[in-house]
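Presented sequentially are two complexes of chain A, the first with chain B as partner and the second with chain C.
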Partner chain A sequence: MQELDMDARYIPSGNIVAREIEGELIIVPLVSGIGDIDDELFSVNETGKVIWDRLDGKTSLTQVVQLLADQYSVSRQEMEQDVRGFVGELLKRKMITDARASPASS
Partner chain B sequence: MTAEYATVTQLPQYHLWDRTKGKRIPYSFDLELTARCNNSCRHCYINLPRNDRDAIKRELTAEDIASITDQAVSLGSLWCLITGGEPLLRDDFSEIYTLLKRKGLLVGLFTNACLISEEHISLFKRYPPRDIEVTVYGATKETYEKVTRRPGSYAAFRRGLDLLLERGVKVRLKAMALRSTVHELPEISRFCRTYTKDYFRFDPLLHLRYDGNKKRNAEIMAERLLPEEVVAIEQADQERADSLLRGCDELIIPALKNQESNRLFTCGAGVKSFTIGHDGYFRLCSSLWHPGCVYDLRKGSLKDAWEHFVPQVLGLRSSDRDFLEKCRKCPIINLCLWCPAHAYLEAGRMDAWCQYFCEVAHARAKALEKRAGLSQ
Partner chain C sequence: MPEPPLLRHKRYEADGVPLSRAALLELLSAVHEKGADFRFRATGTSMYPTIRDGDIITVSPIRGVEPSAFDIVAFRNPENQQLVIHRVLALSPDTFLAKGDNSQPDGTIPRSDLLGVVTKVERNGSRLFWPDKRRYPFLATVYFPTVYWYLMMRKRGYGIILKLLGKRSGESIP
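On to the complex of A and B.
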């Protein structure tokens, strides 16, 4: 997997729509080549959702780890593993983008 | 990899459907962009002339549709099927299609493919539809145009279909089994299956028009196959016959004979889906046009329609003895085209018995029971 820059700030890609239905977070691809899902649905669970909510383009991944580790009283190391895992997956599926490179962040 | 944070599930297996089984949530809706069509098919229930001014005047604008879609999305809608008439007749089709996609909907499209242009192809390549379904009215020009009654429509259909297929846009083909097509149905099936191996269906049952046009209704009735013909083509299609046999337990339910209910609606109308009419009227399903069962979205909200109006309609009951003894207790109702919506179109009453549907259902049941007996 690609090495993550923990100082980076990420935002949802403009090529997806994040939908909340009956309390479930679903990522719907808008354009082709996103997520590589055809007849499938990408849904985010509770752990993923708390990370997703912090991907606001203003908070770096290091800050996200710290905030969530404090909020959920888990070790920083454990939380970093979760953030790296989930953010890596989202990047692989092109569902988030680096806010520094995105015009949407300005 | 995704297991700890997210899941990738086949849509039909998504756990939300099970979790919300007993709840009324409008996960999908049909959006009828227009009642007009570039063809004039003999069997069709909604195909006003392409330049019908009154029909154009009644159509929802893109702004209306954006507002209704916002409401649908907030109620939980995930799927939207764009239908008509022929949706591609709308000059603002691309705008409407894009806005539906941008709201986070999985968008499907029913089209006859005759009007497919390079612009549509670019649109579908950039924003892929969930699927596009095209009806094949004939494997030859003669049959196709006998149904559509528009010279040149076969060439336009082939050009549109080729464009979609060559450019890799996902298409599913289907057919209508009509008096005008039945002689060619095996060729039509082969044609469809050549292009869409994983999906093919044909529909042998026709309901009447939404506008009650007597001349056109007579044409639809003339296109209906005899019950024994319906059964013969269903049994001749191995895939369909096997599927009917597999579903036998749900198609023939002897226990329904003892059912004590006077409710009109026992189907899925208004439970997980609804229809937005071209004229801004909310309907519980695409066929339910009874004036007492539609809701004007230009005068109210989708939320009000879904939360307050639908339960009123679903609560309707009948005291008609014939209905209560025949249809409501019928063990083969699931093999029948009867439903309150189709009964209204057929006879002007939602609890009317419909002879043709009943005869087809009995012929189907007989064939199914025979086949089930043979396979045991």
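On to the complex of A and C.
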């Protein structure tokens, strides 16, 4: 898995559509000007959505881990492992970008 | 301890129809807001045989494409707020009439509920002949009415024409 900078702040990529629909967070990547839900439709579970909501370009991953560890009363180490896995997957699929590298967020 | 965060790839084969028509409508609008086309799997038989259950269709934003009669469009059904893909039969500046090729007329729909134009249809992995109105406006203007009238003739017209021919033949016989 790619190494994550836990001090980085991430934001949703401009090349996705993310909507909470019928209680579920749905993400559709836009590839070559097409939102293709037949091949590329993703859903995020409730815990994932809590993390997603904090990828606002202002909160570092370290802060996200701390917030969630407090919220769910779990160890910081355990939460960091979960956040790393989830954020790594989002990065792999280019659904989020480093806010420092993306001044023009959408 | 909460459930671990998970990003799940939803697939039609594994999940069946993964979204309701209302959800499809919301996603289509969100994708079109970004200026992108929306590609999804059609369900139902109201446009049979032009579009079949399971065909993959692409709907392009209405921006830059002026719909005309016989185009196949996506619109919001004003009665139930669901996504519908049907054929335009007539347009006025404020409203349009639509109908599925295999269903009853939808009635008068406000132009503001028009969402996009179907620009591509795929069946069993192959792309159907379907002139994209943005690239081939003349071909599309000729093709879609021709297909529609052919379908209507096949559905109803043959019987009437044969009856008329039969009656005339009968009359000519002394």
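Quick notes on this structure:
Going forward, the second predicted complex is superposed on the first by the 96 of 106 C-alpha atoms of A that agree within 3 Å, B and C clash if a C-alpha of one lies under 4 Å from a C-alpha of the other, contacts with A are read in each partner's own complex, and residues count from 1 in each chain.
Convention: a residue touches a chain if its C-beta (ideal position, glycine included) is under 8 Å from a C-beta of that chain, and two chains touch if they have at least 3 such contacts.
In this text, all values refer to a predicted model and were calculated from it rather than measured experimentally.
Partners chain B and chain C, brought together by superposition on chain A, clash. By the touch criterion defined above, A:T47 reaches both chain B and chain C.
In the superposed model, more residues of chain A are touched by C than by the other of chain B and chain C. Contacts of A:E22 after superposition: both chain B and chain C are touched. By the touch criterion defined above, A:G85 lies against chain B and chain C together after alignment on the C-alpha atoms of chain A.
By the document's definition of touching, of the two partners only chain C reaches A:Y72; chain B does not. After superposition on chain A, the stretch of chain B whose C-alpha atoms clash with chain C is 220-228, while the remaining options among 184-192, 220-228 or 328-336 stay clear. Once the two complexes are overlaid on chain A, the chain A residues touched by chain B in the first and by chain C in the second are 17, 19, 21-22, 26-28, 30, 37, 39-45, 47-48, 51, 82, 85-86, 89. Touching chain A in their complex are the following residues of chain C: 1-12, 18-20, 22-24, 26-27, 30-31, 34-41, 56, 58. Listing the residues of chain A that touch chain B in their complex gives 17-19, 21-22, 24, 26-28, 30-32, 37, 39-45, 47-48, 51, 82, 85-86, 89. Interface of chain B with chain A (complex): residues 1-2, 4-11, 14, 16, 19-20, 25, 73, 76, 78, 101-106, 125-128. Those residues of chain A whose C-beta lies close enough to touch chain C in the complex are 17, 19, 21-22, 26-28, 30, 33-48, 50-51, 72, 74, 78, 82-83, 85-86, 89-90, 93, 95.
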